[in-house]
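Here chain A shows up in two complexes: once beside chain B, once beside chain C.
Up next, the complex of A and B:
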C-alpha cells in the first residue's frame, strides 16, 4: 500500500535522507527510531509532501507517486487519505480558534458539507477520543497537554485516513496520560498503515509490530519490533537500546561515543562504531536480510568475538570444567558468576592459555585459536583480583605498562613511552615523569589496579578478562574502577568477561550473565531476565542470597535432581 | 462546579462590558481631569490670570471678572472649586473662548467631526491595507513582491507626514490642479446630499492619502514580520497536514494570528496618529482640531487650548479602550485570562 523506493531528501548540500526503502501493508505499524537528527521527522514529512528539501526517488501510495503529484492533488490527499499527528503538542493547535472549529475545518476542506454537519461530526470525533461537548467549545490554551493530544488525534482521524503518521506522539506527556493516549492509539491504528516516529523505545514496543532504526538518513536495521529490542544486531541499535532504560534495565546506562554526522562516506555509523574495519569507511553497506532481519552492516551486525565450544578440563580425575559453551560479542559484558570453586577462574585462565584444556575449541574473531601467540595476547588481556600482586613490585609504573609492548617487540622507546602515556591517560592516571617512576608500594590500591588496567590496554585488546577486578578494593574505589571499565567499553567496544561472585555487582555492569556451578554453565541469558526469573535452582539460590534471603541450605541443592542447564537466547 | 457555572453568565457579561482594564482607563481619565483642574490654580498669581492669560484680563470688565469668579467658585474653598469644575465638565462646560466669543465646547464640536473623519478613516484604511499587504508579503517572503513592498513602504514611512502632505499638495493640487487646495468643503457651493458627500471626499482625499501613506509602513512591516514568524509555527504545519488550501493558511490561520500584535501596536500608535493629523490639517487648512489648536495657540486662547487638550486625551483614551475590547475579541487567551 505504501512503498518507498530510494528516497533521498537534501537541504542544500546536506543530505538528510539517503536512500530509504520501505514497504508497508494496510494494518501494519512501523516504528521509526533513531536519535535526533537521524531524519525520522523528515521522512514523515516527506511522505505528507511537507518536507522542504528537494526529494528524489519514489513514494507510492494508493498507486500514485506522491513525489510527482501536483501540489493541489497532494493537498487533497493530505488530511483525507494520510494524516499526521505532530510532536510539540503545545503549539500544534491554532491558539485563536475553538478546537471544534479546527476539527470541523479538517472536514470542510475536503468535502462539500454544511458547517453544521461538519460541526456535528467534529463533536462526534471529539467524543470518540474522550472529550465531551463542553470541551469542544474551548480554546487550545484551556486544555491540558493530554487533551490537546486527543484533539490532534481526533483531527487526524476525522476523515478516516489510510495512512497515519505519529511524530513523537507522547513526548511531552506524563506517564499516566501517556498510557491513556497509547490505548487510544492502539484502536486508532487498526486497519491503517501507521508510522510511529519516536526515540522512545517503550512506545515503539507498545504500538508497532515492525521497527526500523534510522541513522544519518539510512535504515541500518529493520525487523519485528519485539525481537529487535530483545536482540539488536546492529551496533547502533544496541547502543540506542543501551542508552534507553526500561524498568528492568540493570546495567548502568551507556551512551554511544561521538555524535551523528551527516554526509560521511561509507557506512554512516563507521565513525562511532567500535567494530569498524577498512571497508566500512569506503563502501556503503547494502541492506541484507539475515534471519528475518534487514541489516545494513559490512560485518553482518555485532560480531562474536570469542566462541568457546565443548570445553572440558579435569584436575585429578575431577571435572573442573564440563562441556562449556560460551560466546562473547563485541562490546558487551558477560558476567560469569558462581561460588568459589565453581570453575570461573579456571575458565578464565583456560581462555588465557594458563591451563591446557582436555577438550574444546576456541574461536577468536572467526579464527580457531591453535596456539597462544603474541597476536592472541594483543587481542585478549586479563586483569587480576589483587593488583599489588599482579604488578611486580620491582617495576615502576612505566616499566609495568610498557612491558607488554616489549614482549611484542616494540623496539622504539619513544613509541613505548607514547603508548604508555596514552593508556595511562585512558585510565585517568597522571602521566608526569614523577608518576611514571613510582613503584607499586608508593601507590594506592585503586591506582595500582588502574596501572594494571593500563597495562592490559597497552596492546589495544578487544577482549578483557577481569577476574574479580575490584574485590580487593574498598567500595568507593571499586565504584570508580567499574565506571572506568564501562567507559572504556563504551569508547573502545571492549568485550568483557567479568568474573565475580558478587551478583549485585554483576547486575550493574553486565549485559548478559552466565552462572557456573560445578564446572558447568547452568544458566545463561540477559542479566535482567536471569535475575528476575532465575530458572535454575542454583541461580535462584544465588539470587536469594544476594537479596539477603538465606532460606535454602547448600545441601538442599545437592540433593535436588540436577536439572539441565538453562540457556536463553542471546541478548546483548 | 455547579456554583461556578451559575456565576459564569454574569461574570462573562460583566467582563465583556467592563474588562479589568477599564479601571486603569478611569484612573487615567481622573488624573487628566485633576491636572486640568490643578495646573492653572498652581500657577503664580491669580487663577483667572492663569486661565485667561494677560490679554484677556486687560479687556475684561469688572462685571465679567465677577461673573467668572462666581462661575469658577474662585472665592470658595478648593473643595467647592473642584465640585464646580466637575459639575461644569458634566454639563459640557469647558469655559468660554474669548477669541471665538463662543463656548469652548461649541467651538470644539464644530471642528472635532472633521478630525475624527480624517484620523479615523486614515487609521482604518492604513490598518486594512497594511495588514493585507503584510499578509501577502510575509506569506511569500523573499519573492520580488515582498522585496518591492518592503523597500517602497519603508521609504514612504521614513518621511514625516506633513512632508508627504506638502508633496501631494504640490503635485495634485498645484501642478496638476485636479484636487482642491484647502478646506473640507467648497465654500458657498451649497451642495446637498450625494454631491455634498462627494465634495467632502474630494477635499478629504489628499490629507487622507498622505496620512495613510505614512502610517502604512509600520503596520505593514509588523504584519509581515509576524507572518514570517507565524508561518514557522507548528499549528501552521498542522493546518497544512489537514489539507488546508493556501488561502486558508494565509488568512484564517497565520493572518488571523498576526492581527494580535498589530492590534496592540495600532492602539499604541493612536496618539501619534492624532499628532500626525494636527500637522496634516495645518498643511491642508483642514478645519479640524489641528487647525483650531493652531489658531488657539496663536491667539493664546488658553481655555480653548485646555479644552482641546482635554478632548484629545479623552478621544485617545476611548480609542485605546476600543482597541482593548477588540483585542479581547481576537485573542481568547486574554478573554479568559482573568
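Up next, the complex of A and C:
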C-alpha cells in the first residue's frame, strides 16, 4: 500500500506541496483534481522520486520510505514496482527508436531476459493495448497521438507495477480515442494502486472511485468520486465543478474569481473564497471527516445561508404556503418554479417580511430570524419583477441606489455616493453625474433593472431573492441581466433564490431547483436531475410543457397529484 | 408612469388664462390701498353717484366707493379661499392617509365619519350654525373647512391604499424602511398632484360658499364681501346703479372661480392621461 504523511515539497522559497496526507490500498484508484499549478503533477513526480525540489515528510510504499531511499534503489523500483504515464506524449518517447525496441528496453532494464524474449514480450504488450506488429516497427513520429498514448501505457504496464500514476492521460485526445483509452485504463488499473492526475472531472469520475481535490499544495476535499461531483462540500470543489461542463450540465459555466497563489497564510483558498470569516486568513484548516468526506474548511464546507422550516401562510382561509421546507446554501442559485398562483412570489415576499406567515421559522446564517431588522435586510435583498414599478418614478438613479443606505442610517453623503458608484459599477452602469441624475423614465427597462439590482446590492447582501427579475424585459436584455446576475454570484458568492415560471430560464441559471405546486414544494434537487428525471407528476408536466409537449390536461394532473403523498426532501 | 403635472400645466393655454385671471384678482387684493384713494369704510357723502374720476365705479346706497369695496372684497375672498384650502386639505390628508395606513377599526371609524359628514346638507347646517353663533370670518373658514375635508379624505385614502401596494414601496420595505421613511419619501411626494388638485377644489368651493353665505346674509357685518355687495345691489336694480355695482362684482367673483376652475381642469388633464388630447387622438387612430 501507499501511504503519504505530511509531504512537503518546495522549489526554492515556494512551497508547492504543503502537507499532503494520503493512504491508498491495493485496488484503489484515486483521482487528483485541481487547477493547473495546484501541485498535482508534483505530487505524482515526488512519489516516483522524480521531483527536484526539497522534500520533507514520508512516502511509504511497500514498507519503504521512498524519500529516504538512495537513487539506485529508487531506480530499481521505478518502472518495475511503480510506473507513470506522462502528460506529454510527444516528449515521453525517444524519436530515433522504434517503439517495440523502446518497450523491450524497459523490460531488459529490470529483468534478466534475452533480447529476443524481451522483443516478443514488447509485441505482446503492444497488441494488448491495440497496436499490431506493423505499428510496433514504426517510429514515434509515425504514430498518432492516441497510438503514442497506447505505447506509453504498454510501457508502463510491461513490468506489472503495483503503483500506476497517470498524469493527464487523455488531455490531448479526441472523445472517441479517449473512450478507447479509458476502456484500456479500466482494465489496466485493476489490482493496482492507481493515481489519476487530471483536471478533467469526467475522466476522474469514469476511472476513479476516490477523488481528492488539491488546492495550492493541500487536499481541501476528498471522498467518493461520484458523491463529491454530485454534491461538493468545499467551495473550491463546487467552483471547479461549475467551471467544468459535462453533457448534463444545464447552468451556464461559471469560473472561480481570482487566481491561485501559493504560500498564503491560513486557508490557501481564503483569498478566493466567498464565505470566508476571520479565522480563514489566520489559521490553516485541519482536515476533518464529515459525512464520509474529508474536508479542510473552517466552516465545515459550504454553509447553509437560509433555512426555512415548516412555513405556512393562509390568505382568507386559503393555504398559500403549506409546510414549506427549503434550504439555500452560500453561493448557489435555487430556482423556485411553478405555475402562477403556486405560491412562489408569496414565499419570496414572506421571506422578506412583506407578509407575516402563520407558522414557520427562518434561520439565517445559523441564527433564527425573530425580527426583521437592519441586520437581516443587509444580508437578504430582493429584486422585483417590473423594474419601472419597483424604482420610484420620483427618484433619480442616485436617489434610488442610495435609498437603502439612507434607510439603514448611513448619514454621510460621501459614503453613500461612494457606495452607490461602487454598486453601479458592479452592475456595469455608468457612474457619471449625468447618469446619476436621470429618472427611471429616461432609462431603458434593462437599465432600470440594473439600477434595481445595484440598489439591492448596496447593502452588501449574501442572499438575493429575484422574483421574476427578467419577465418584463425583452430576450436580449434578459440574457444580459441574467449574465450579470451570474457574474455577481461568482464574484460575491451571492446565494440566489430565483423565482420564475420559465423552466428553460431556470435551467440555465440554477444549481438546484424546487418545484412548487399549490403552496407546497413537491420536488427539490439538482437542476439537471430534476429536469432529466422528474419524479413528481406535476414536475413532469411542467417539463413536458416547457419542451412543447402539451399532452396532459390540467384535470388529469389534478387527479394524479392529489392522492399521491407529497415527496419532500428535507435537509437537516 | 412618470408625470410631472405642475411642469405640464405651465404649457397649457387654459392654465395660462386661469393663472392670468387669478393673478389679476390677487394683485387687486394685494395692492388695494394703492389702487384707490379711499378706505372701504369711508362715507364719501354722495350716494348712487355714477362712475367718475373720483369714483371709478361710482358709489353705493351708503355713499361708499364701489371700486374700493370691490378691491377689499377680493382680499376676503382670497383669504377664505387660501385658509380653507390649507385647513381642509390638511384634514383630508391627515385623516385619509392615517386611515389607509393604519387600517382596522380606526379606518372604519374615520370613514364612517366622512360618510356622515358628506350626507349632511351643507348650506342649511351652515346657516343654522351661523344663526346661533355670531358670524365671523374665522368661524366661516372653520365651517367651510369642516364641510369640505371629507370628500378629500376619501380621495386621499383611496390613493394611499393603492400607493402602499406599489412595488417601490414594497422595495423600500425590503431595505428595512419604517412607515415614517415611506410616508415622507414615497407617499407624500406621490400624493402631491392629488393634494394640489384638492386644494384648488377646496379653494373654489370656499370662494363660492363665502360669497353665497354672505349673499344670504350669513356673514360678519364688518367684513366686506362680494356676496354681500351683490345682495345689496340687488335691492336697487330699478336704478342704473346695478350696472357698476352688481356687474363688476359678479364679474370679479366669476373671474376668481373661473380662474381656479381652469387651473384645476388643466391639472386634472395633466394627471389623467386619458383626458390628454394627443392620447385621445392616438387612441382613435390605433384603438
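In this text, the second predicted complex is superposed on the first by the 561 of 572 C-alpha atoms of A that agree within 3 Å, B and C clash if a C-alpha of one lies under 4 Å from a C-alpha of the other, contacts with A are read in each partner's own complex, and residues count from 1 in each chain.
Definition applied: a residue touches a chain if its C-beta (ideal position, glycine included) is under 8 Å from a C-beta of that chain, and two chains touch if they have at least 3 such contacts.
In this text the structure is predicted, and so the values were computed from the model without any measurement.
Participant: Given the alignment on chain A, is it a clash or a fit between chain B and chain C?
Facilitator: Chain B and chain C fit side by side in the superposed model.
Participant: Applying the touch criterion given at the start, work out whether A:244 contacts chain B, chain C, both or neither, answering first, second, both or neither.
Facilitator: Touch partners of A:244: none, neither chain B nor chain C.
Participant: Given the touch rule stated above, what does A:354 touch, chain B (first), chain C (second), both, or neither?
Facilitator: It touches chain C, and chain B stays clear.
Participant: State whether A:373 touches chain B only (first), chain C only (second), both chains, or neither.
Facilitator: Once the two structures are laid over each other on A, A:373 reaches chain C alone.
Participant: Is A:76 contacted by the first partner chain B, the second partner chain C, both or neither?
Facilitator: first
Participant: After the superposition on A, what does A:91 contact: first (chain B), second (chain C), both or neither?
Facilitator: first
Participant: What is the contact status of A:152 with respect to chain B (first) and chain C (second): first, second, both, or neither?
Facilitator: first
Participant: Quick test of understanding: once the structures are aligned on A, what is the angle at the Cα centre of chain A formed with chain B and chain C, as a multiple of 10 degrees?
Facilitator: 130
Participant: Looking at A:319, would you say it contacts chain B, chain C, both, or neither? Reply first, second, both or neither.
Facilitator: Touch status of A:319: no partner.
Participant: Of the two partner chains, chain B (first) and chain C (second), which one does A:105 touch, if any: first, second, both, or neither?
Facilitator: first
Participant: Have a look at where A:384 lands relative to chain B and chain C in the superposition and call it first, second, both or neither.
Facilitator: second
Participant: Taking the superposed arrangement, what is the smallest distance in Å from a C-alpha atom of chain B to one of chain C?
Facilitator: Superposed model gives a least chain B-chain C C-alpha distance of 60 Å.
Participant: Touching chain B in the complex: which residues of chain A?
Facilitator: 48, 50, 75-80, 83-84, 86, 88, 91-98, 105-106, 109-110, 139, 141-142, 152, 155-156
Participant: Can you tell me which positions in chain A touch chain C when the two form their complex?
Facilitator: Residue list for chain A touching chain C: 349, 352-354, 372-374, 376-378, 381-382, 384-386, 389-394, 403-404, 406-408, 439-441, 452, 455, 459.
Participant: Please give the residue numbers of chain B that touch chain A in the complex, ascending.
Facilitator: Checking each residue of chain B against chain A gives 233-235, 237-245, 248, 252-253, 256-257, 260, 330-333, 336.
Participant: List the residues on chain C that touch chain A in their complex, please.
Facilitator: 1-2, 166-168, 170-177, 181, 185-186, 189-190
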